[in-house]
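In the part that follows, the structures are each spelled out as structure tokens.
Each of the next two complexes has subunit A plus one other chain: subunit B in the first, subunit C in the second.
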Partner chain A sequence: MTDLLFLLASAVCLVSALAVVTRKNPIYSALSLVSFFGGLAVLFLLLRAPFVAAMQLIVYAGAILVLFLFVIMLLSLKEEELGKEKGGRFKLFAAGLAVVLALLVILPVLGSETARDDFGPESALAPRFGSAEHVGMGLFGNFALAFESTSILILAAMMGAVVIAKKRV
Partner chain B sequence: MPTFGTAELLSLLPFGCPLLGALVVLLMDPFLVKDRPKLPLAYVGLASMLCAWASLGFLWGDRTVAWSGALAIDRFGLFLSFAIITVGALTVFATTEYARQAGIDCGEYYALLLTATSGMVLLAMANDLLLVFLGIEVMSISVYALAGITRTRQRSIEAAMKYFLLGAFATAFVLYGIALIYGATGEIRLDRIAHHMANTSLLAAGLTFLVIGFGFKVGAAPFHMWTPDAYEGAPASVTGFMAAGVKAAGFAAFLRVLVVAFGAGASSPEVSVVWTDLLWLASAGSMLLGNLAALAQTNLKRMLAWSSVAHTGYALLGIVAGEGRVGAGSAAALFYVFGYSFMTLGPFLVIALLSRNGEDFETIDDLAGLGQRRPLAAGALSLFLLSLAGLPPTVGFVGKLYVFRSAFDGGWIYLTVLGVVTTLLSVYYYLRPIVLMYMRDARRELPVAVPADWTTHFAIGLTAAAVLLLGLTPSGYLDAALAGVLSLR
Partner chain C sequence: MFTLSNCIVLSALLFAIGAYGVVARRNILVMLMSVELMLNAGNLALIAFSRYHASIPSSAANGLTGHVFVLMTMVVAAAEVAVGLAILIALFRNRQTVDPGELDLLKG
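On to the complex of A and B.
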């Protein structure tokens, strides 16, 4: 059952990820990204991380992708503005590079026979692993500094956006 | 649930002070009189930097970790934070007149300089990969925005856009590398990764991604493509900050990750071969490409950008010679980066001094006759260029000497020879502006000094003094660099 779900979700992920980069119309790309995030959420569930799965759907598939779509629709690009497909040789090179990078990651994982059991049996996990409570304890415990530092990051990004976008300095 | 105490709070000071300064600057900005110089903002920024500076001295001591091991308070991080905070303080304090003329002396300019400094210090002190990533991002995002802050100028926007896109690409590499390393070891703390028996091939893949990402951030060949355009297009004050601070902080994290997590003492020593192989190629490429391309430049900022690629190569040579051991090679790299941050900040401060109304004074031919008209500026610029060329009695000479010696002792003979040959080559393009300044008559009217420039003069004087002092009496700082590297153990 788990294997079947895994295969199904991975297939959805692979197909929609490919669609994101191959579709010419940005709206189709963004919508493919939604279905990719859906498949990814299922994969997170299979890895016993229900909280991350829920966040994946709510934050990425829900909020961020809606923003993407808004921006694309506001720009309302016409067919001619999207331009002709160009750089065929460059694309071939990029595809080749992507395959090499993928192999660089996949081969080591396949090579290790214990890859599947690296995380140990379920009983080895902390109780309530992957729950909101568990994640929260981590955020305000061992990872408190990293959690707080993200707010510096967001502040800097906000200032940067304002200073680039506003009319008069 | 871990408990946090006073030690944790004190460890926040080096990067917390600039952050607090940024918040105060943002709150003060709306209450200042419009169309008047924004000096108070610069003073607040300077004060927060000085607090951070004082906290470094206070924290200086034996290695401790805070925040469940996320942050390391050791001589290594504090030593480079010293250079980073000095660079940040000089930039904030010295470029008010430049910023006013360029029309960018808004609160955000100072606040972004301060948050960038905060991110750099965080990066220099980070002891786990999560904080390394966050430090890189806080620093980079602030600097992208700063590069494009004169957004009515097309070149500035082009610089910011190129820097942003390639930087985001590099960040993705760093993050993917971190994910793979975590997958292989189950750890993000650097010292624990070292003692973890792991799936070596997966670890090597992650390390490769990480090295590529860091290569982008420090501008090493073949990942240097963004450097010339970003350095040329960004306003001179920002470029100096970028060249000195971003590079120092990037190398701090680079060196710490390689030595602590993947060094010779790690339980899978074969991975240290992976990065040594990658880095000696990058080092050789950077030294060759940077110096050769710099020969052909007519724009001073662009020439300095290519020279920064070359200097990345020399610093990488030190890291390669160190081979991940806590010894002379790594210390030489650390000292090199420390000294480089001063000698590269200097020329950009001089450019900022000579620029008027937002038009950067950047063509090498324009320098003609500067020796008679502005003897002080010309003298300082000559000193910085001589230091970059690696001539005594400057820090550039001492730094190169130690890097080359440790590389030679480590058996990297060909790489050392390449370093020496490219250094000789570089003397040509560093001396050309000096010859122009003293031996040609001015072709165009040179800008005269205005009273408000005193802060810039002061900062250039301090930087020049640092370059000379580090070159004449380097032993104390070399000892500090060695102590810094030893504190990584």
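On to the complex of A and C.
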């Protein structure tokens, strides 16, 4: 059952990721991004990270994607305003680079002989592993400083975005 | 099938697809989306390693570090998209293009 779900979610992720980078119209790219985030959230659930999966859907599919769609609709690009895509030879070169990049990771991973490769039994995990409660205890415990400093980052990004996008400051 | 190696392989594939999008596409919107793909591929690897190490009883880490890292990545990604799209809007207002190839004012 887990294997089947893993295969299904991986296939959804790969296909929609390919759709994101190949569609000419940015609207289709943004909509493919939704199914990519959905597939990834399923993978996070399988990996026993329910809180991160929920955040994935809320932050990425909820906020970031709406921002993308909003900008796409705001600009409403015409055919000639879309970037002039490079020819087939350049794309082939880029695809070659990407394949090499992927192989650089995949070959060592598949070639290595680890003691165990499976994720281990569920019973070995801490109770309520990955729940909001469990992650929250860490966020407000060991990682409190990092957690609080993200608020400064968000504040800076928010003010920066407003100032940059404004017509006159 | 559902093993650590397969998760890392999937993560590498997604990262490579995102890298292809950044290199090959000539539309800043799609390039930003490809950057999101790459960030998410990294998140997948972090969560997979987190799950792997959480079930080792002798391991000192309680498996939480990966989850916190992923949440931090999400914050950075959200900030990056907000600023990136603001720059894009300002750029489009001035130059009426989303093609990075046409933005060559700094070229000598």
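Basically, the second predicted complex is superposed on the first by the 149 of 169 C-alpha atoms of A that agree within 3 Å, B and C clash if a C-alpha of one lies under 4 Å from a C-alpha of the other, contacts with A are read in each partner's own complex, and residues count from 1 in each chain.
The working rule: a contact is a pair of C-beta atoms (placed from the backbone, for glycine too) under 8 Å apart; a residue touches a chain by one contact, two chains touch by 3 or more.
Worth saying up front: this structure is predicted, and the values here are computed from it rather than measured.
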In the superposed arrangement, which partner chain does A:R89 touch: subunit B (first), subunit C (second), both, or neither? neither
Does the superposition put A:V105 against subunit B (first), subunit C (second), both, or neither? both
Which holds for A:A17: it touches subunit B only (first), subunit C only (second), both, or neither? second
Subunit B versus subunit C as contact partner of A:A144, first or second or both or neither: first
Quick check for you: in the superposed arrangement, does A:M159 touch first (subunit B), second (subunit C), both or neither? first
Is A:F36 contacted by the first partner subunit B, the second partner subunit C, both or neither? second
Comparing subunit B against subunit C, which has contacts with more of the residues in subunit A? C
Name the contact category of A:L97: first (subunit B only), second (subunit C only), both, or neither. second
Which positions of subunit A sit in both the subunit B and the subunit C interface? 105, 109, 118, 142-143, 146, 150, 153, 156-157, 160-162, 164
Over in the complex, which subunit B residues touch subunit A? Could you list them? 1-2, 4, 19, 22, 26, 66-68, 70-71, 103-104, 106, 108-109, 111-112, 115-116, 118-119, 122, 128, 130-131, 134-135, 137-138, 141-142, 144-145, 148-149, 151, 160, 180, 186, 199, 201-202, 204-205, 208
The answer for subunit A against subunit C in the complex is residues 2-3, 6-7, 10, 13-14, 17-18, 20-21, 26, 29-30, 33, 36-37, 40, 43-44, 46-49, 51-52, 55-56, 59-60, 63-64, 67-68, 71-72, 74-75, 77, 81-86, 90-91, 94-95, 97-99, 101-102, 105-106, 109-110, 114, 117-122, 124-126, 129-130, 134-135, 138-139, 142-143, 146-147, 150, 153-154, 156-158, 160-162, 164-165, 167
Parts of subunit A lying in touch with subunit B, wherever the complex brings them together: 104-105, 107-109, 111-112, 115, 118, 137, 141-146, 149-150, 152-153, 155-157, 159-164, 169
In the complex of these two chains, what residues of subunit C are touching subunit A? 1-21, 23-30, 32-34, 36-37, 40, 43-44, 47-48, 50-52, 54-57, 62-65, 67-68, 70-72, 74-83, 85-90, 92-93, 96-102
